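Sharing a structure below in structure tokens format, with a few things to ask.
By written order: A, B, C, D and E. Residues from 1 in each chain.
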Amino acid sequence: MQYYLLIPFLPFAAFLINILFGRSFIKDKAHWVAILAVGGSWVVSVATLVDVLSGKTLNENLYTWILSGGFKVSVGFLIDQLTTVMLIVVTTCSTLIHIYSAGYMHGDKGYYRFFSYLSLFTFCMLMLVMANNFLQLYFGWEGVGLCSYFLIGYYFNKKSASDAGKKAFIVNRFGDFGFGLGIIVIFLTFGTVYYAPVFSQAGAFAAKTVNFLGYDVHLMTLVALLLFCGSIGKSAQMPLHVWLPDAMEGPTPVSALIHAATMVTAGVFLVARCNPIFSLSETALTVVALTGAITSLFAATIGLVQNDLKRIIAYSTVSQLGYMFLACGVGAYTAGIFHLYTHAFFKALLFLCAGSVMHAMAGELDIQKMGGLKKYMPVTYLTMLIASFSIAGVPGLAGFFSKDEILWLAYSSPNPTGKVVWLIGTFVAFLTAFYSFRLIFLTFHGTFRGTHEQEHHLHESPKSMTVPLMLLCVGAVASGWVGIPHLLGGGAHFTEFMKPVLGHPEGHGTHAEEWMVMGISVAVGFSGIGLAYYMYMVRKELPARLAAQFSGVYKVLFNKYYVDELYSFILIRPTIWIAKNVLIGITDAKIIEAIVNGVPAAIGGFSSQLRRIQTGRLHHYATIMATGILIIVAWMLLR
Amino acid sequence: MQFLMPDIRPLVPEIVMTVLALAILLADLVIKRKETLATLSIICVVLVASTFSGSLGTSFGGMFLSDGYSMFFKIVFILNVILTVLISVKYIGVEKVNFGEYYGLILFSTLGMMIMASAGDLIVLYLGLELMALSTYILAGFIRHDIRSNEAAIKYFLLGAFASAFLLYGTSMIYGLTGTTNLAAISEYIKQHGLTGNPLLTLSMVFLVIAFSFKIAAVPFHMWTPDAYEGAPTSITAFMSVGPKAAGFAVMGRVLLYALYPIKPMWTSVLIPVAILTMGVGNIVAISQTNIKRMLAYSSIAHAGYALLGVIAGTADGLASMMTYLLIYAFMNIGAFAVIIMLRSEGFKGDMISDYEGLWHTHPGAASLMIVFMFSLTGIPPTAGFMGKFYLFASAVSAGYMWLVIVAVIFSAISAYFYLRIVMFMCMREPRQTVALSISPSISLALAITLAGVIVIGVLPAQVVNLARIAFP
Amino acid sequence: MVPLNWYLMLSAAVFTIGVFGFLTRRNIIIMFMSIELMLNAVNISLVSFSHYLKDMRGVILVFFIVTVAAAEAAIGLAIIIALFRNKTTANVDEMNEMKG
Amino acid sequence: MLPKLFFGYFAVVITVLSLLVVTRRNPVHSVMWMLLMFFNIASMYLFLNAEFIAAIQVIVYAGAILVLFLFVVLLLNLREELQTNRFIGSWPAGLIIAAALLASIGFAVSSFVPGFSGKYTTGYIQRETFTKVLGQVLYTEYLFPFEIASLILLISIIGAIVLAKRRTRS
Amino acid sequence: MEQVIANSLGFPVLSTLIFLPLAGAVLLLLIPRAQEGLIKIVALFASIAAFIISLPLFTGFDKSTHVMQFVERHEWIPAWNINYSLGLDGISILFVLLSTLVTILCVLISWNSVKTKTKEFYISLLIVEGAMIGVFCALDFFLFYIFWEAMLIPMYLLIGVWGGPNRVYAAIKFFLFTLVGSVLMLVGIIVLYLYSGRTFDIVELSTRVYPYQMQLWLFWAFFAAFAVKVPMFPVHTWLPDAHTEAPTAGSVILAAILIKMGAYGFLRFSLPLLPDASKAMTPVMLVLSVIAIIYGGVICLAQTDLKRLIAYSSVSHMGFVTLGIFALNMQGMEGGILQMVNHGIVTGALFLSVGIIYDRTHTRQIADYGGVATVMPLYASLFIVFTLASIGLPSTNGFIGEFLIILGGFTSNQWAGLLAATGIIIGAGYMLWLYQRVFFMEPGPKVAGLSDMDARELITLLPMVALIFWIGIYPDTFLGFMHKSVEHLIERVNTGGMHGPAVARSIIEVIK
């Protein structure tokens, strides 16, 4: 089953070819290279899936990467159920988005650059999910971060774009700081960083406490939380979520692939991957659950009032990611991954549709300036509508099944936080439905509110873009069907499939409760849609009134709770101020340099004083000589 | 009563020197081209040097000791003469003092040094010292028409006479206390009659040390040095900065480690503060100098301070290191003066540091040589200066003067500042006026010799070190 | 019989008087003469030493000292004369062309 | 008793004269006082039966050196010399230093212990006559220093000529 | 097992490496200064030849032992028992290779940028190379000191003559700073020499046992020299000036090789000779290192001068190195050594790159740049590689080094590891900000119409790129050299032991 190596290295090859020969030779043919490569690795992934379905898994090392004393780590690959799911998600989305981009980016001057980055990203993402040890995971982790840096800042002539890229990278570094320490602690605990031995031995350390920075802490909690720091950064959870909305500066396919379908879900993947560790720490799980819940609520509320097409979807992404963590937090890793898997499709779809809209609107993103687009771009409208239904949790669609499973498992989990997060989750489901359809209605319904030339320019996107939309749409509809719960007579195949890796939490609850939970979630979904319809189709003046009435709340929400401002106020500005005024201004200049230059200056001054003794007058010379003699004589005689 | 002829073999070099010096004085009357005299005097000293081998031994009942110690110093003196004469040839012409006596006096002064180095008796020591000193006074004032030269001479002379009065007083007291003037006998007597604590002996020791310190220009008896060095003809400055200094060290080593060794604690406790002061004042005052001759005067004071470490150490290694250092110092210092002299030409004094601005751009060769000498004076490897310093410091530490050595290295680090300043002026400033170098074959030869000395000793010091070590059993 | 120390005291006195003169007199020639005083002081002690120690070295040294003194005088005065040629003063404190 | 008296006389006179030498305003007077002082020293040498030294003290010192001084003194214009004050401004410093030096030397001298005594007893010298003895020692033991002394005189001549003789450079 | 392995290459490879550049310098001396072209060619060939000669070291090195290899030994100054002895072990070999490589690049990068006194420039450059190699090869403490100091002279000229506007100040500062440190080390060396019965042989010295008190004194004496060169926190201020004012080649040499000597000194002398003192002083060193990491990093955030920023980043990165070394465990120390090489490559490359653009714009102010990526895409793409390597992105060399260091540091002291890790965040901050300000956004007036790199410049940078990824992806090639030597060193440090108070007493006589 060696062919699995093709999965990551085909895209890598594509990257090399494009980056080296793109500018001079390949130019606008770049997409062929990329699409073929990624498509190839999709094919191989499917083949792998087949293998894994037939029960084959694989864990082997390629070569020793770092060896130093007791520390040994290889470049190695682990292919099991979890990996395969991720492979499918990544390669599928990647392939479709590559195709989409071929149309979307057509004629851009950095065409080859775009595709090489995209392929590089795919490579890194695949390395991430296929790693069999933490360090290689970290490699992919940082790699995808880098690619997102490149792709967010793709239009680097725009300051905002380059800012956003930088921001994304640095914010992630904060998370990775913890992640890295986590890896180190793991090594110091287990003496290795390979998954297999670590997870198998984890149980032995369940009760162990260690001294960390002078405090005795529960080892597994420590490890889990350190790793979770990484997830927080990568998956844009509170308080490190700030980079994701800005990341929308990147081209839309990028937002779709990286900031919706794949990269941002790596955090969830990490938690799921490390479930043996997380499961050993009640505290850690609670933290994960609450973080997820709060983030999803928080993001959803912001999403209510934004007007930027992509940012709304971005916040919904943040919120959905929170959902996944919520799931993991209550021990429902399967549900988390399931949601990850379905979410990938409908969220990517949403973004691509948004992209298609932008394409039509010539880059316009303000939904207040849109409206009534459905007659110009039916395909986009339809697909986006379906995606929104899916995210709103309309029964039968992908989103419904995953969301429902999460809510049910949260509700039924023994964990006391379960009920709390279930409540939050349900409420968020309502909000999600609301803002998703606010988006739909404002964009596609009603009358066009843009300028005339925009109106003339409106058109449906080319095939290369719409075809992927339709394909993803299929996903958005059907991807959930692999996980239909027993309650609805389904086989819950997904859960079964994942069991070997993620185990399965037994829901303590009656069918009645399960029905109730499902019912509530469906209800809130529809009520959300209804409310949106009421506010934006029936009483169009209502939103403005509300905004005016609760202007305080509105401002806070509209300005994303001022988190960015907070950071720049407590973190960035002080640091630079200190650097300028304390370190350079005082320590270096006033203290060290003062000494460094002061001593020679003092000596020099002393010198020019001392030389005045040499008056040139013979008598003074004689006197000094005689005095010297006298002093020496006296001293020698008196001692 | 019978008159027994003493064994004169040990004196052959001195005798040859005397005869040839007189011959040159006479030759001055017939020879009109004074350059010939220069050649002659070089031949003369080379002849003298050739007689060194096999002149080992003592004579006149221990008044005259011709041992490895004196031999090493004599080599330094001979070297000093050769280099001085080489750099003088063109220069004294420029200064319009192209008289034959110049060479004669240099030779006589050197003869005085040689006698000092070999003196085994305080009387001989005194006379040798006066012979050297008097000739040097004359040479210092050799440019009669230059007020600065006169002034240099008068200051040097009066203070020198003052100092030698103290030397005499000390000598007389020692004579009175021991009833002898023979160095070996003195130490014998002190040991036997337990004079070590005697205040009068201490006093006379102090007076002797003072006189020697004056010759080696140690603080606070250095006051004459800057003025004399600045005012004297540059070639003579070079001569003075090496010869009399070395001679002073020779007698100091001889007297303190032969005659007065029994009271070593006494004289070390005099010399240590003197050494620190010498290094300190020399290095620090040199920083703020504007005249390069004057700067080198202070630098030579500082170097006397370093060399004193060797005497203070008072071990065989100590003296050997002191001797090695003086030899090395001869090379690097006269080298520097050779470069200075090249800048002196009709109507251009060229002894201000500012005259060196951009020299590296106008005359790379000369400047590069200066750079080498400056770094050697600083003591940066792979130049000889470093080897010398290392040997001094090593022997001082092994004699147990760690802290003194730390002081010394700090000062030598400070000294880097003003030596680098010259380099900086030459390399990192733009030339202001175009300086015409007065290059002559003789001076080129001098530079070649000094450079070779600085580099070769810097890279392969083994031979020199051995020579110095065997010199002092 | 006069104790030797008396002679030594005398010589010390003369010596320091010489020192005093050298340190304080303006006139260069008198400074020079003070040095001669110091030499004479030394001579006194030397002569008395060799008298009391029944040894000739002292007087021998005196003999040489006198010789050297003569030579010194000749050279010193020559230098002074050379100086007068360029600068007619015997006041040493006016000789500070070089300082610092 | 008598020698003590004589010594006392010489001591007083010599000290006073030397003080006069260094304190007179007029250089000529100083020279004169010095002359007188040399005679006293010479005669004191006689009491230490060193008649030859006494002789050269008179002949060389008084006769040669002082005359030389006198010549030079007469070279400079005394008038100007008589206007300016004789001491430098800070003469008390010199006085203090000299006094302190005297004190310390005196202290040191007080601890004098004579070294070993040689064979030239007073009797022997009186028998052989001082000059002869001196000559013998000088030309046998001290031949070498004697030669050096001759060279010193030689260079002093050269030096005097080089520095003092008016000449057009060859 | 014998102490050393004699040179088996059939020719005295290390001597050749040291003296070939010097010979080149002499050859240059003979060429009339008019023929600049010829001078450059000769210099280039000399450096390339040195590099080629150094390759056999790479292949012929026996990784299975810690003892010195390629050893040459001749009597030099028998009177002082000083020998001319050279040799390499796993710690030093990489730096020799790095030196020979970097010199080539320096010659290339100066090709057009040095216009005045070309001849002297290349002479100085070659002398520096010889001295650098000597420092890393010397097995005799005295010889080491000779090379160590000898380097100052040409370096002083390189900075002072061909440097920027404030070059003189920088040059003198550099010289005096280093000299003051070195002379104190000299005293230390002398004491060591006398105590050990007059030997300078490093291999032998590092097997002796020295009394603890003496070790402490010597440690600080050596510290004075090494910490200044590294440079560690309180004595770092010469570096920004020197780096900023030096010509490109000078900065590259400084960054790539010269400041490594300090850390190398710690490894070669402080640790093996003074194991107990080093152990005792570890806390101090760790604190200083951490301060350097954060201090240097934060200061970079406020820099407006391109070279100055990179200079301060060197302070930060060298903080990592010292941290790793004084973690006193395998990971830390190997990480430290590797990081020395990495920093040499990366910062060297960064200075080369800065030189490339400085030749075009003649400004170092970051504010004057912006939008360079638009006009010089190739340059931009190489520069980002160096940037990423400098912020330690996995698959670049920086990651391997920094990860191992933090791992080691965390092992020996959790706070040290933790705080050091923050340095990585800060690093990302200032480097990416720098990159943004220089390369992104719309081209400014000074930048518009710049030509992209030419072949020569490309060739200068490519080796660095290759090395960055080589070390990043397959570091074993380089780590492999170190294992044995580092193991041995750590063992020495741990079993240093302070036996024999008797000796301790005797040393008191030696010192005071």
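The rule is simple: a residue touches a chain if its C-beta (ideal position, glycine included) is under 8 Å from a C-beta of that chain, and two chains touch if they have at least 3 such contacts.
What you see is a predicted model; the values in this text were computed from it and never measured.
Student: Going only through chains that touch each other, what is the minimum step count from subunit D to subunit E?
Tutor: When the steps are counted carefully, the minimum from subunit D to subunit E is 2.
Student: What's the overlap between the neighbours of subunit B and those of subunit C?
Tutor: A chain counts here if it touches both subunit B and subunit C, which gives A, D.
Student: Which chain, with its centre taken as the mean C-alpha position, is closest to the global C-alpha centre?
Tutor: So the chain nearest the centre of the shown protein is E.
Student: Which chain has its C-alpha centroid at the greatest distance from the C-alpha centroid of subunit C?
Tutor: In terms of C-alpha centroids, the chain at the greatest distance from subunit C is A.
Student: Could you tell me which pair, A-E or B-E, is linked by more C-beta pairs in contact?
Tutor: Answer by contact count: A-E.
Student: Measuring between Cα centroids, what's the chain most distant from subunit B?
Tutor: The chain lying farthest from subunit B is A.
Student: So, what's the distance in Å between the C-alpha centres of subunit D and subunit B?
Tutor: 31
Student: Suppose each chain is reduced to the average of its Cα coordinates; what separation in Å results between subunit A and subunit D?
Tutor: 104
Student: How far is the middle of subunit A from the middle of subunit B, if each middle is the mean of its Cα atoms, in Å?
Tutor: 79
Student: Averaging only over C-alpha atoms, locate the centres of subunit A and subunit C and give their separation in whole Å.
Tutor: Roughly 98 Å separates the two chain centres.
Student: Would you pick out the residues of subunit A that each touch at least 2 other chains?
Tutor: Within subunit A, the residues that touch at least two other chains are 600, 611, 614, 616, 618-619, 622-623, 626-627, 629, 633, 637.
Student: When you check subunit D against every other chain, which residues touch at least two of them?
Tutor: 88, 93-94, 97-98, 101, 104-105, 107-109, 112, 114-118, 142, 145, 149, 152, 155-156, 159, 162-163
Student: Going through subunit E residue by residue, note those that touch at least 2 other chains and give them in order.
Tutor: 176
Student: Can you work out from the touch definition every pair of chains that touches here?
Tutor: Listed by label, chains in contact pair as A-B, A-C, A-D, A-E, B-C, B-D, B-E, C-D.
Student: Mind listing the subunit B positions that touch subunit D in their complex?
Tutor: Per the stated touch rule, the residues are 1, 3-4, 6, 11, 18, 25, 32, 34, 59-61, 63-64, 96-99, 101, 104-105, 108, 111, 115, 121, 123-124, 127-128, 130-131, 134-135, 137-138, 141-142, 144, 153, 173, 175-180, 189, 193, 195, 198-200, 202-203.
Student: Subunit E touches which residues of subunit A in the complex?
Tutor: Per the stated touch rule, the residues are 19, 23, 63-71, 135, 138-139, 142-143, 146, 149, 153, 156-159, 161-163, 165-166, 169-170, 173-174, 177, 180-181, 184, 187-188, 212-213, 575-576, 578-580, 583-584, 587-588, 592-593, 596, 600.
Student: Spell out the residues on subunit C that touch subunit A in their complex, using ranges where they run on.
Tutor: 19, 22-24, 31, 92-93, 95-100
Student: Please name which positions on subunit B make contact with subunit E in the complex.
Tutor: 360-361, 364, 371, 375, 380-382, 386, 390-391, 393-394, 397-398, 400, 402-403, 405-406, 409-410, 412-413, 416-417, 420, 423-424, 427-428, 460-462, 465-466, 469
Student: Within the complex, which stretch of subunit E touches subunit B?
Tutor: 76-80, 117, 120, 142, 145-146, 149-150, 152-153, 156-157, 160-161, 167-168, 171-172, 175-176, 179-180, 183-184, 186-187, 190-191, 193-194, 509-512
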